[in-house]
Structure formats: C-alpha cells, structure tokens
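Below, chain A partners chain B and then partners chain C, in two separate complexes.
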Partner chain A sequence: MPGATLSRWTMSYFAAACLMLVAAQGLMVAGYGYPFADRGAPETLVVVHLVAIGWLSLLMAGALLQFVPVLIARPVIGGRFAVPALLLLLGGLGLLLGGFVALSGALDPPFVLLPVGGVMLLAGFGLFAGILVVTLYSARPLPLPARFVATGLAALVGATLIGSAFTVALSGLAEGPLLDRLVADGVALHAALGLGGWLSATAIGVSYRLFSMFLLAPEVERSTSRAALWGASLAVGLVAAAAIFVLSGFFGAELLFAAALLFTLLAVFFYGADVLNIYRGRKRKQAELNIRASFAALGLFALSILFLNVPALRTGDIVAAVVYLFVFGWLTGLGLAQLYKIVAFLTWLEAYGPVLGRAPVPRVQDLVNERHADILFRLYYGAVVVATLSLVAGTNGLFRMAVAGQLFVTLCLIREFIRARRLSIVPAALRAPAGMVRPHLFLPLSAFQGDK
Partner chain B sequence: MSEISPKVLDVRPILRSGGEPFQAIMQAVQDLRPGQGLTLLATFRPQPLFRVMEGRGFDHEAREIDGGDWEVLFTPRKETAPVETSVDADRPETWPDPSEHLDLTDLDPPEPMVRILAAAEALEPGEVLFAVLAREPLFLFPELTKRGHQWAGNFDEAGSAYRILVRIGEA
Partner chain C sequence: MNEMDKATLTEEIRTALRMIIDPEIGKNIVDLGLVYDIVVEEGGVVYVTMTTTTRFCPATDFLKEAVQACVWYVPGVEYAEVRLTYEPPWTPQMMLDVA
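Let's look at the complex of A and B:
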C-alpha cells in the first residue's frame, strides 16, 4: 500500500549529527587541525571525518530514511536495522577518530583502532545502504529523484571501501605497493566519492522533490533533470574508474578525475537550470526561509565546483579553501536550511497527526520563529565566506573568529530545533489539544505510531 | 509536448474494387506510434470497426465528407495512472456518490491533509468524500487507514492533480 509514515529513528540520527557539527567546529575554533596543522595531518583527519561522517553522513542517512518513502511512495523495508546501523556508525567513527589521535602522537591508544573503526563504519554504512537498496529495488522503475539516491549509495560504498583500505594502510596492519599507491594518490578520490558522489548526489535528488513540494510547483521530469543525473552518475563512475587506475598503477587517473569534475560542473549547471524552472513554475508567491537559505547553498555549490575545474585552484591551500566552501557553504548550509523545515514538519506530524481534523491545531510555521532564523542564516553564510577567504589569505586568527561565528549560529539553530521539538513557540491556546502526542526530544515514543 | 499527427489510411480504393480492407486497417493500427491516432477514409460508415477499435483502446469521431464518403478519426485513449487503494477498499466503483467535494489544489502541504481529515470527521459512516490535490498525499494515507476510513486515488491524465475518494469507516 502506498504511503509514508514517520521514520522512527530519524530524529536520533539528526541529534547525533548536530552534536558532531558542534564538536567539529569547536575543535577548529580551539585551533585543532588545518590550518593550524598540515592538510594531511592526523589532527586535520579528525576534524574532516567528524564533519563528513559525524555530521553530514548521519544527517543525510536520517533524512533518507524519512524521505526515500516520499520519493517512491512506498514504506522503507528493513527499517528496524536503522538503530544497529546508527550504533555501528557512531562506534566506528569513535574508533576511527581515536586511531587518528593515536597517529598524531597526542595520546597512546593502539593503532589497531583505525582498521577496527574502518570495519565498523563499513558495516554501518553497508547496513544502512542495504536498507535503502532493498527499499529502492522494490519500487522499480524509480522516479528520477530516487535514481540520484541510487547513484549516491553507489558512491557511498566506493568511498567507504577506499576509506577502509586507508585505515589498514595507515595502521601498518598490511602493506604493499597497492596500498602505497592508494595512500599516495587516492585521497582526492576518496573525498570526491564521499562529499561529491554520496552527499551531493543524494542531496540533489531529495531537493528536487522538496523544492517543488515547498514551492508548490508541478513535478515534471525534465530532460535537463535526466542530463543532471547522467552527469552526476558518469562523474561517480569516472572517479571509481580512477580509483581502479590508481590501484593498478595505470597512468591516467588524473585525467579521469578532471573529466569527472567537468561532468560534475555540467550536472550542476543542469540542476541549477531545473531549480530555476521549479522556482518560476511555483504557485507560492514568497519562498519560505528554508528555500531561500537553500538557494544560497546552491550558489556556493556552483561556485566551488567552478573553482575546482580550474587546474590552478586545485593545488595547495587554495583547494583546501574551496573544499571548505563546498562542505560548509553547500552541504552544511543546505543541511541546516532543510533541517530547519524538516524538524518542524516531522514534529508537527508526530504531535498533532492523531488529532488533525478533530481539534484546532497550529500550523507547521507556528512551531518555528522564521524571523529569528532568517538573521541566523544570513550570519551563517557571512561567516562561511569570511572563513573561506581567510583560508586563502592565510589569516588564521580571522579564520578562528569566523568559525566561532558559524559555531554560534549552529548552537542557536539547535536551540531553535529543540524549541520546535518541545512545541515551546506554539501559541499556548493551540499547543496541547486533547489527544495530541508530546514528542520526545530525539528518541521515538514507546507507543510509536510511525513505521516499525 | 506536440501532438503526433494521425496516420491517414484511405481504404476507398480497396472497397471500390470489392476487396476487404480489414487486414490493411489492422496492419496500420499495429504500425501506429504510441499516442498516435488514425484517420480512416471509407465509402461507408464503418460501424463494426468502432467496436473493434474500442477494444483496442481507441475513441472514434466519424463525419460524412463529400460524395457520401466517411472520414473517421480514431484517437488512442490517454492512459490514466493506476488507481491506488487502501487494503480494505473493495470495489470503489460501487461506493455511493460523494456527498462532499473539496478542491485543495492551491493549498500548501500539509493543509490539504488537515482539510480532508476535518471533512471526514463531519461525515457519517459509509458516506464518501472526493478531493482534488496538487500532489499525492503520502502522509495522509496511513492516517486515513488508522482512523478506519477506506480510500482510492490516482493522478489525472496530465499527472498534475491527484484525485482521492475517501469512504468513512465505522467509528
């Protein structure tokens, strides 16, 4: 039977993700990792993986568990594995970070933490990807947004496999020319599959649906959307091929990587054209804050992909600044903007779903304070741009201040999310009609009404 | 999308020479592209053919032209999206006529869901409600089922509006 219910553990994924974002930015403010350490230093790896796995991947995983059913109009299959997957991911990330700290020499835990963490992450991501693959498989032929998710899942598997190989090599557990070549030339590929293939392709797919939903625009499968899908999928395929080239010592991986970046640029171009079309075809006059804030993220996405396609900007400290813009301008900006809407909507449905039509209930907008958040998002993007520029200029003091600004906004937004969950902004007269359900902060209710 | 122009088949020469055009017509129908129509020119109103073509999913429009000849335009019926129903919705075609009609196409989600559930509360068990929405109300379906209502719905031909029938269950 078609339909979508609340995903039981999505809020738990979101809560863990938000904490990781705070931790990562806190470390940067404290002067831990790049630019205070080398780009490849273990300290930098701690921060990078806290952001990429802890924040972005958990956020995306939680969002997909909720929104893949909306993309395919079918319930998730195997949703009960969402908790073991979350625990494996958190445990694996903890061990991975412990292993990096060991590499940095700051503490003395055994190096074996790294490969054990790698295996746990492989299992956690594998379990999560398994849930979605089985679910998507049941819904073939897939609508276009869901096919982006499929491409993203393939990239996730690739990124995780390469990452696990790194943990084996870095811990010294195994060695050989294969691993040596991968460590020397595979870092960019690992990052491209993770940040580009997995996080960006899925974000694009889900946003096609969310944008037309929130803008009240008709959903049409355009040829430009198909072109964007092809571009993104080809790029993922080329990066995967480049990884195989690197492993086997063939010449030409760099060429494949450059071609992948070019296809990504094309995909972004078509995606941008689609979003513009969706915006023009909207019935809602004034776009809501989550959409406006997402558009800023999209602009920074296009800008950073454009920069990455200039070979001169792909080297040294410049590329680090561009990647920073990509991660915090595009992925994190979009994530926070959508989270702002999604948390309110899911909370509304959980709290008032059972009494809808039987008693007056607040609107979804009544759960948040949009004027307040509008200022926060302006501040956030301003801070990201300043942080990026200060990385280019090498002014580390300014960088810390800018990241402190981002951290401040993040904490304020988390406060907004908590207030939405607690229904504390809702006018008192509407807050608690008889029969409503008061949601827990981030754990599912024991008598949960959503999917199993 | 531009319409594909219908294929023209003139069977008057075959008829005038005393032949049987049925095979030629069926061959032409087989060669049509998806969505393409067929214009048939005949010396009489081909009544028996209408039945055959209807069975193949074509509507017809016949008119007399000069000299007592007939021109018939067969157009393929648009495929409608399959009807989705709740598990317990047996034979929605036997439900009574809707006693409430709602046009919710201009409302922001989740407002259509709220309106449908509110309207459902006001109806008696067994009564039926009809609503048109801009998109498929995925979060509404489980809520209707939970409240014991049955539903059936699908997208219109253009795929731009979702139509749903809800039959109120015994509370």
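Let's look at the complex of A and C:
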C-alpha cells in the first residue's frame, strides 16, 4: 500500500489565510465594520467575508487537502487543481470585497465587481469541492470522520450558491421577488451553512481523527459519533430546506432554522462526549498545547450554540456577540491551535523526512516552543471573551482594545509559525543533518514529494 | 548462516532501527511496537514488516524508506525488503513499557 504524500500547496493556503486574519482584525481595530457600522453595512460585509472566506475557508481548504487522505486512506485525486482553486478564491474574494467597498460609497469601483467576484468564488469553491468529492467518492464506504467532511462540502455548495445570488441582487444586476425574499430572510441561512455546515461540520470530522492521532487514543466509532453526524447532517438539511422555503415564499423557514439549531446543539453534545472519551482513553500522558488550546475552542463552541438556541439571544446586537464568540472563540481558536501543530508537523516532514533513518533528527515537538505559545493562547482566548462581552455591553472602545489584543497574539503566533518553518527553535546539534532540505516559507520545494 | 547467526543479525537490525523515531511521538519505532516482524533468511536476505501509528499518515513513506535504508546499512544484510501492513492495526497497547 502506498503511503500518503504531502499536499504541495497546503502551506500556501495557510499563508494566505493568516494574512487575511491579520487584515480582518486590523480593520476592526481601525474601527471598520461592526460595531462601528451597522450589522448589514457593506463595511461589515468586508470584514465578515475576509474572516469567513479569506481566513477560515482557506485554512480549512488547505488542511483538507492534506488530511482527507489520512481520513480515507487514499490519496487526493486532482490535487493539481489546488493552485487554480486558490487563485480563483483569492481573486474572487478580492473582487467581492471591492464590490462591498463600492456599495459603501467609500470608493467608486463598478458594482459589477460583486457578481464577477461571486462567480469566481463559485468556480474556486466548486473546483476545490470537486477535488474532494471525487476523492471521497473513490473511497466509499466512507469512515465516519470523512462523512462529516461530505456534509461540510454539501453545506459549502449551499452557502456559495446563496452567496452568489446575493452578489447578483446587491449589485442590481437582476431583480425579482425571489432575490428580494432571499436578501431579506436568507442572510442567517447563508451564515449558518457557511460557518456551521461547511466550517464546523468539517472541523468536527477532521478533529475526530486528529485528536485520536495526537493523543494516541484508540479510534472507536461510537454510537454517540454517529448521533453527532446525524445531528450535524440533519441541521444542514434543515437549513437548506429553510432556504428553499424562503425562496418559495412559504411560511415556516424560521421554524426549520430553530430546529436546525436544536439538532446542532445535540450534535455538539454528542461530539463533546466523544472528545471526552478520546481524552480519557489516551495513551499519551500529557496532551500537547494544540489539544489543550482546542479544548478551549470546543468549550466556546458549546457555549455559543447553547446561546443561539435561546430565542431571546438570536435578536439584536446580542446575536452579533454570540456569532463573534462562535467565529473567534470556536473556529479561529481551533484553527490557530491546530495550525500551531500542523505547520510544525508538515515542516518536519519536508525537512527531516528524507534523512530519517540516515541521521539523528529532532522530534516535531523540537520545532516549537510550547511554553511561549501557551501564554499566547491564554491571552488570545481572554481577548476573545472580553471582545464578546464588550459587544454585549456596547463598549466599542474596549472592543477595539480586545481585538487589538487578538491581533497582537495572531502576529506573535504567525511569528512562531515562521520560526517553525525556519527551524529556528530546533537544537543546533540536530538542526541541519547532512541531506536535510530546508523548507521554503510557504511555497513548495521544486523537487518536492508532493501530490500530483 | 545458522540459526544463531540469524538471531544475532535480527537483534542487530532491531537495535539499528531504534535510531528511527516516530516524528510525532518522538520515541523510536521499535519500542513503539511499529516493527511487527523481522525475518532473516539465507544469504542475509531480510524482510521487515512494519506499520505506522495512523493509517495513511503523511509520514508513512518517509518511515518506510528510513527502515529500508537503516536495514541496508547493518553489516551482514545483503538484501532488505520492507512491507507495510495495517493488519493488525497499531494500537497504543502495542507500545513496549520503555516507550
């Protein structure tokens, strides 16, 4: 059986994602978008899409290109399309943001940027989803973690289609009652499919495997795992049905959405129970920092979904605060925590994999400084909680300070990623054995053992 | 090559393989229980059966090639073949107490 290869462009996806996170937080610190503008204002849409597409989706896409083979024990099919997909996503996002800026009136680019950006994003996500759908299809019957990814991909398609329709409506390119209804009542569904279905269901699936792998725990497909999958999949199905109800003008979309949130809460409960079981069944005495920091994200995930299930908290500015907690506490927290590990792991493979067995090499752990990063993650989560509470309290000055704290930690973590890539922390005696290949910062090596 | 020579060479190979670490766990692959079997045949022909902690782990190819290279360098080995298997799948219970 052949072994898995390294995904050539994963590190490029990660680098672009990190830059987008810095840009988004920088804009918030500068007072751009919510809470300094309305929740639906074009300025807010710029920040939201920088985070959702630029940071989270690129991060997830890069991670999936590397880890889907680990989930299904087969290589990625069509990995060569990863670069065109990345370019389409970056180009599409740029045009989309330009379109939002045009809507805000700050500059005067043509409104047509929005639909063109929408089409490019549709093509980029379509190409990426195509790679994974073909890959997953070749591995049927899918193991449970991969089925979460399949659910996430279905949600991605839904979120992208609704988003593309929004770009057409907002640019004024087309009009009609269908689009009017979607713009009026479809925003929450678009966000739920993107942040909940695509990003969260996929993150849950991959984490089942990564947690077992990193904690040396036996991989058991429990009834609770299947219940979590059903809960997440039903939730995505209900949100998709709600979108059809909205388009058709049928009554009941809100009820379907509330039911989807309830199923999500159940899925989170079962997922949490599974993670606890994996942790208890671990052979590794002490969990590494990426796992500990991920647990904090999981806690904030459960909390934010619990809040979203309270109807009183789904209205007004409170819902914005809860969504902030969900995006920066759960998704971004988990993303940064796993990135901390994955960057070191992939760097180790590039640098020391080829000389393994021929010379003494460091461990993956030798590429990072956990004590330093442990403080950074504590600061990060503290800043997220303060930012969330300041949104609830309406203290915008405190919110800016808290986001500035998040931005500072993000920059420090990026510095840690770069130090890992540069092998700066590796003890000098082990750093450069004969035959070692020094990795590029974010581009693949020319003679790289990557996917085809 | 008598049985004692084969046993000695097997032990030398096992010792040599202890220089290969699993990058994630940081322990050597022998003590982790990743080397399932070492068979030495006449003329220094060696077959090693091994696994990885995670099926289709991105480090799989590197580990397999490392074992191949390491075994070749053991004096007395004339030919080495490494087979990768996931039957039975590795479990943490397979680790030796020293790991």
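Rule of thumb we're sticking to: the second predicted complex is superposed on the first by the 450 of 452 C-alpha atoms of A that agree within 3 Å, B and C clash if a C-alpha of one lies under 4 Å from a C-alpha of the other, contacts with A are read in each partner's own complex, and residues count from 1 in each chain.
Simple rule for what comes next: a residue touches a chain if its C-beta (ideal position, glycine included) is under 8 Å from a C-beta of that chain, and two chains touch if they have at least 3 such contacts.
Predicted, not measured: the structure shown is a model, and the values here were computed from it.
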Requested in this report: Return fit or clash for chain B versus chain C, each positioned on chain A through the superposition.
Outcome: clash
Query raised in the report: A:Val70 contacts which: chain B (first), chain C (second), both, neither?
Result: both
Report summary line: In this superposition, the partner of chain A with more touched residues, chain B or chain C, is C
Query raised in the report: Does the superposition put A:Ala241 against chain B (first), chain C (second), both, or neither?
Result: neither
Query - Footprint overlap on chain A, comparing chain B with chain C - result: 1-5, 69-70, 73, 213, 216, 218, 283-284, 345, 348-349, 353, 356-358, 361, 363-364, 449
Query raised in the report: Taking the complex as given, what residues does chain A use to touch chain C?
Result: 1-6, 66, 69-70, 72-74, 209, 213-214, 216-218, 282-284, 345-346, 348-349, 352-354, 356-358, 360-361, 363-365, 449
**Report entry** chain A partner contacts - residues on chain B that touch it in the complex
**Finding:** 84, 86-87, 106, 108-111, 113-121, 134-136, 138-143, 145-146, 160
Query - For the chain C and chain A complex, residues of the former touching the latter - result: 19-21, 23-26, 52-70, 84, 86, 91-93, 95
Report summary line: In their shared complex, chain B is touched by residues of chain A numbered 1-5, 69-70, 73, 213, 216, 218-219, 283-284, 345, 348-349, 353, 356-358, 361, 363-364, 449
